[in-house]
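Okay, got some structures for you below.
Each of the two complexes below includes chain A, the first together with chain B, the second together with chain C.
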Partner chain A sequence: MMTKTNGFVRRIIVFALEVAAVWVIGSLLREVLPAYPVGIMTIFCINAVLALSWNLISGFTGQFSLGHAGFMVVGAYTSALLMMKAKWPFLPSFITAGLLSALVGFLVGFPSLRLVGDYLSVVTLGFQYIITAILNNTTKLTGGGLGLPGVPYVTSLPVAAVTLTITLWILSNLVNSKQGRCFVAVKEDEIAAQSVGIDTTYYKVVAFMISSFFAGLGGAMIGHYMMYLHPDVFNYAKTIESVSMVILGGLGSLTGSLLGAMCITLLPEVFRNLATFLGGMGMLGPANFLRRGWMVFYATGFLVLMLTRPQGLLGRRELTWPGFKKWIGRVVVRKEARP
Partner chain B sequence: MQQFLQQLWNGLAIGSVYALVAVGYTLVFGVLKFINFAHGSVLTVGAYIALYSVLRNWLPFPLAFGLSMSLSGVFSYLTEMYAYRPLREKGAPKLNLLITSIGVSLLVENSIVVFVSPDFHPFPRVLPSAPITMAGMRIPPVDLLLVAVGLVLMCSLSYFVNRTLAGLTIKAVALDRDAAALMGINTSKTISLTFFLAGIMASAAGVLIGMRFSVNPYLGGFFGLKSFAAAVVGGIGSVPGAYLGGYLIGMLETFGAAYISSNYKDAIAFVLLVFVLLYKPSGLLGKGTQEKV
Partner chain C sequence: MLFEVENLTIKFGGLTAVDDVTMNVDEGEIVGLIGPNGAGKTTVFNLVTGVYTPTSGQIRFRGQNLVGLKPNQIAKLGVVRTFQNIRLFKTLTVYENVRTAGHLRVPYRLPDAFLHTPRFDVCEQETHEDALRLLDMVGLLSRKDEIASSLPYGLQRRLEIARALATRPKLLLLDEPAAGMNPQECVDLIEFIRDVKRDFDTTILIIEHHMDVIMNICERMYVLNFGKLLAHGTPAEIQVNPKVIEAYLGEAQTDAED
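Then we have the complex of A and B:
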């Protein structure tokens, strides 16, 4: 018992140190680097939180949600309005944003998750349209279709990086716990899970609420980063962005989501810079094509990935430090074994 | 009363569109048991084929309409052939099919934006635009065409599925694919046929909705989604259910916009969807299925 408690305390301390280190490194990078790479890194952290939250419900629990943007928008508006209208400080409004998203997730998830099948995808997608219609029409509170300017800027690189660290820590502990195993059991075979006494509806709803919670946090970070909100920012394409990050990295792999988020965040930047470079060289035709054509490239890549490697880059494996050392060891051994 | 009749007619017209697209979702869901998110993009492709054939004066409108329907049918067939069949043969999980269909719709939408044009195109005037006054209702000729084409296509599809041998194979495959294969039905051929039919119906809806509003790359995503809601409301897998769901959502939407508030028009379909899922998950005309080991 004693050792167990000590292990828990030790893990908490290690985690606190990690968070502190991430905060310090984030602050340092913000001071040292120019604004452009810092911006990309911040967006990467936000995207990674969104991808991780989608991965929990779809990658681990196997319930396909297509209305993730709906939960982001709930979080984004809640946090922004609490800070602007109710003059709350950042942290309480941020957490309230996540909690409200989770509550909405419960209301949306409960009717659709009782059913077997892909109904969740449609209901969540419909929910996203409903929430957009509501936000567009509550002009007095949210500014409606004119958008909500003047959202306070909070999401600096350290804030985003710390949020990502906390999200990753919670989710990796969750998926390796008893509850997490139940999520995976629901994904693998719902009937088999039921037959060993797993309340599938309960676990599906819980996973969906946790996923909505983090989606709400991600949405709130977007608002506090762009300093402006509009209901149409959080559209179907925004959901698909998170979906493609997870699929690229691997459904059911946390580090895969990080990898996927990194690739998808960098992709438009690479194309943009390449276009600027080609434009500078005088090749205007290809430059213009790249500027517009990256969307086709993205969609084609998406399809090719699904047809050739549907499990994503990592599949369900995780990138870990011991795994990395083992891999390095294998590579070295292979080289030495050569004549 | 007059306004009521007018709204009834409007609901019928827009409902025909939903019904035509919904039946495609239902047919494909019947044979493959997955939601084909790329079905809406077939509608967009159909609208663009008709638009360009008429705009460039390649073909007179009726021929362009026919060409658009057949080419979209072929397009739908090709998506099945090259995107879903390889996955199916590998025995990939259903989630992969779903994600692939999202990829297909992304590819179509983005290709149109990049290679054709991201703009909203009004359809060239091929019908007189003056509304016809009938029993106090003002009916644009396009609506008349919509309802008529909708009825003709739906009746022919029902006839085809229920009365011809090729149609009956679709029903058989939907009932039990393995058993159908054992009875000597070429299931791959039947699945291709299903996609072809779904494509024809969607493209007819796409051309007509393009004439009523405008042709744009996001047409399919928007109407496709609501039509899917219609298919689920009616009972996915049931052809009459798709018609019923389509007309029901069309009516509710127009009446909601006229008598309650037009701001929430796009949300009505999904509110109905949630209620139907809560109280009768198999849909209005669908048969409840029991998941078995």
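Then we have the complex of A and C:
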């Protein structure tokens, strides 16, 4: 029993050190690097939180929600308004944003998670449009369609990176637990899950609430990064962005979501820079084509990936240190084995 | 009495699939439920496990009424089933299938899962060892890391029973465990079910078409035909019961006409 407690304390200390290290590295990078790469890294961290949260409900629990942006927007406006109108400090506003999103997740999830498959997708999609319509029409509080300017800037690289670290830690703890296994059981076969005593409705609602909580945090970070909010920022395309990150990385893989978020955050920048580079070299034709038509490459790339590797880059596997070492070992052995 | 069904009836529109069935199972018994195709055997299982709600009648387990409870609540009380067409967690490994089903006996709550508290560590260690022990008992330990759907058919059946056992059921309902098995696999299954009853101290209600299996392991059996209880008795009594013979031969006759 004693050693178990020590194991827990040690893990908490290690995690605290990790968070501290991430904070320090984030702050250093912000000082040292130009604004452009720092911005990309910050956006990556936000996107990763959003992808991870969608992965929990859809990748692990198998409930294909299309209302993710709806939960982001709840978090975004909650945190922004609490700081602006109620003069709350950042941290309580931020956490309240997550909690309110989770509450909304409960209200949406409790009745609709009895639905299966496509029906759930349609209901959650409908929820997202409803919430956008509400925000567009509550002009006094949220500025409505005029948007909400003057949101305080808080989401610096260290803040975003630390939020991502904590999200990843909590979610990886969760999926490696009894509850995590029940989520997967719900995805695998609901009838079989019930037959061994798993309360599928309960686990679906719980997964939905936790997913909404982190979506709310992600949305709040977006507001505090852009310093401006508009209901239409959180449209259907915003949901699909998170969805594509998770599907690219692999449904049901946390590190896959990180990888997917990285690819989808970086890809437009790579094309943009390539276009600028080609333009600088005097190749104006290809440069202009890239600038206007990079989406074609992006879409084609996605199609090819889905045809050749429908389970995503990682599938259900996780990238881990021991796994990485083994892989390196295999590569080395293969090279040595060559005559 | 561990388990009682009284005047159980369910109607689907004009069809009475189960009609006024009364049966009981005592602690430690292995009881068979047989009958021609479409007699309503699986429907009885679906009623008992809460998949369907009966039109009328009572189902009692240890004196508690099961009618109206959800399938997961019934499983939690200790009535756990397997399925006629195997329902494993297909893409999970053998070990993960059994480990997942062990969740009922894990007491920690959501905050423990978030933070991996000391309590989490203790429980996880226990369930991990328990899953391995269970796999060892059912002879699947050497294949624990294989994907469930890649197992041979007979072993998938065995894994499904193992998964049900991971919940430590008081009453295990087996729906045609020998379906699709060859004679050798049937012999193994008979051994296996006997071992299960002994090692897990559980009571078993079994639906089966293979007469050699059911005559071999059951102490008592019920015969259903067209939703009605046709006969009840020991295997020896059932084998010579004229009504049972007629029901089965009657079916054979219609087969011959096809």
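To be clear about the criterion, the second predicted complex is superposed on the first by the 339 of 339 C-alpha atoms of A that agree within 3 Å, B and C clash if a C-alpha of one lies under 4 Å from a C-alpha of the other, contacts with A are read in each partner's own complex, and residues count from 1 in each chain.
The rule is simple: a contact is a pair of C-beta atoms (placed from the backbone, for glycine too) under 8 Å apart; a residue touches a chain by one contact, two chains touch by 3 or more.
Small disclaimer: the values here were computed from a predicted structure and weren't measured.
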Partner chain in contact with A:146 - chain B first, chain C second, else both or neither: neither
First, second, both or neither for A:191, with chain B first and chain C second: both
Chain A residues touched by each partner, larger count belonging to chain B or chain C: B
Which of chain B and chain C A:21 touches, first, second, both or neither: neither
Which superposed partner A:11 touches (first chain B, second chain C, both, neither): second
Touched partner set for A:173, first chain B, second chain C, both or neither: second
Chain B versus chain C as contact partner of A:247, first or second or both or neither: first
Touching partner for A:200 - first (chain B), second (chain C), both, neither: second
Residues of chain A at both interfaces, chain B in one complex, chain C in the other: 191
Residues on chain A engaged by chain B in the complex (per definition of touch): 58, 62, 64, 111-112, 114-116, 118-119, 121-123, 125-127, 129-130, 133-134, 136-137, 190-191, 236, 240, 243, 247, 251, 292-293, 295-296, 298-300, 302-303, 306-307, 310
Touch list for chain B against partner chain A, complex: 34-35, 83, 86-87, 92, 94-96, 98-100, 102-104, 106-107, 109-111, 113-115, 221, 225, 228-229, 232, 263-264, 266-267, 269-271, 273-274, 277-278, 281, 291, 293
Touching residues (chain side chain C, partner chain A) in the complex: 49, 51, 70-73, 75-76, 80-83, 87-92, 96, 99-101, 103-104, 106, 108, 110, 112-118, 120-124, 127, 163-164, 166-167
List of chain A residues in touch with chain C within their complex: 1, 4-5, 7-8, 11-12, 170, 173-174, 177-182, 184-185, 188-189, 191-200, 206, 316
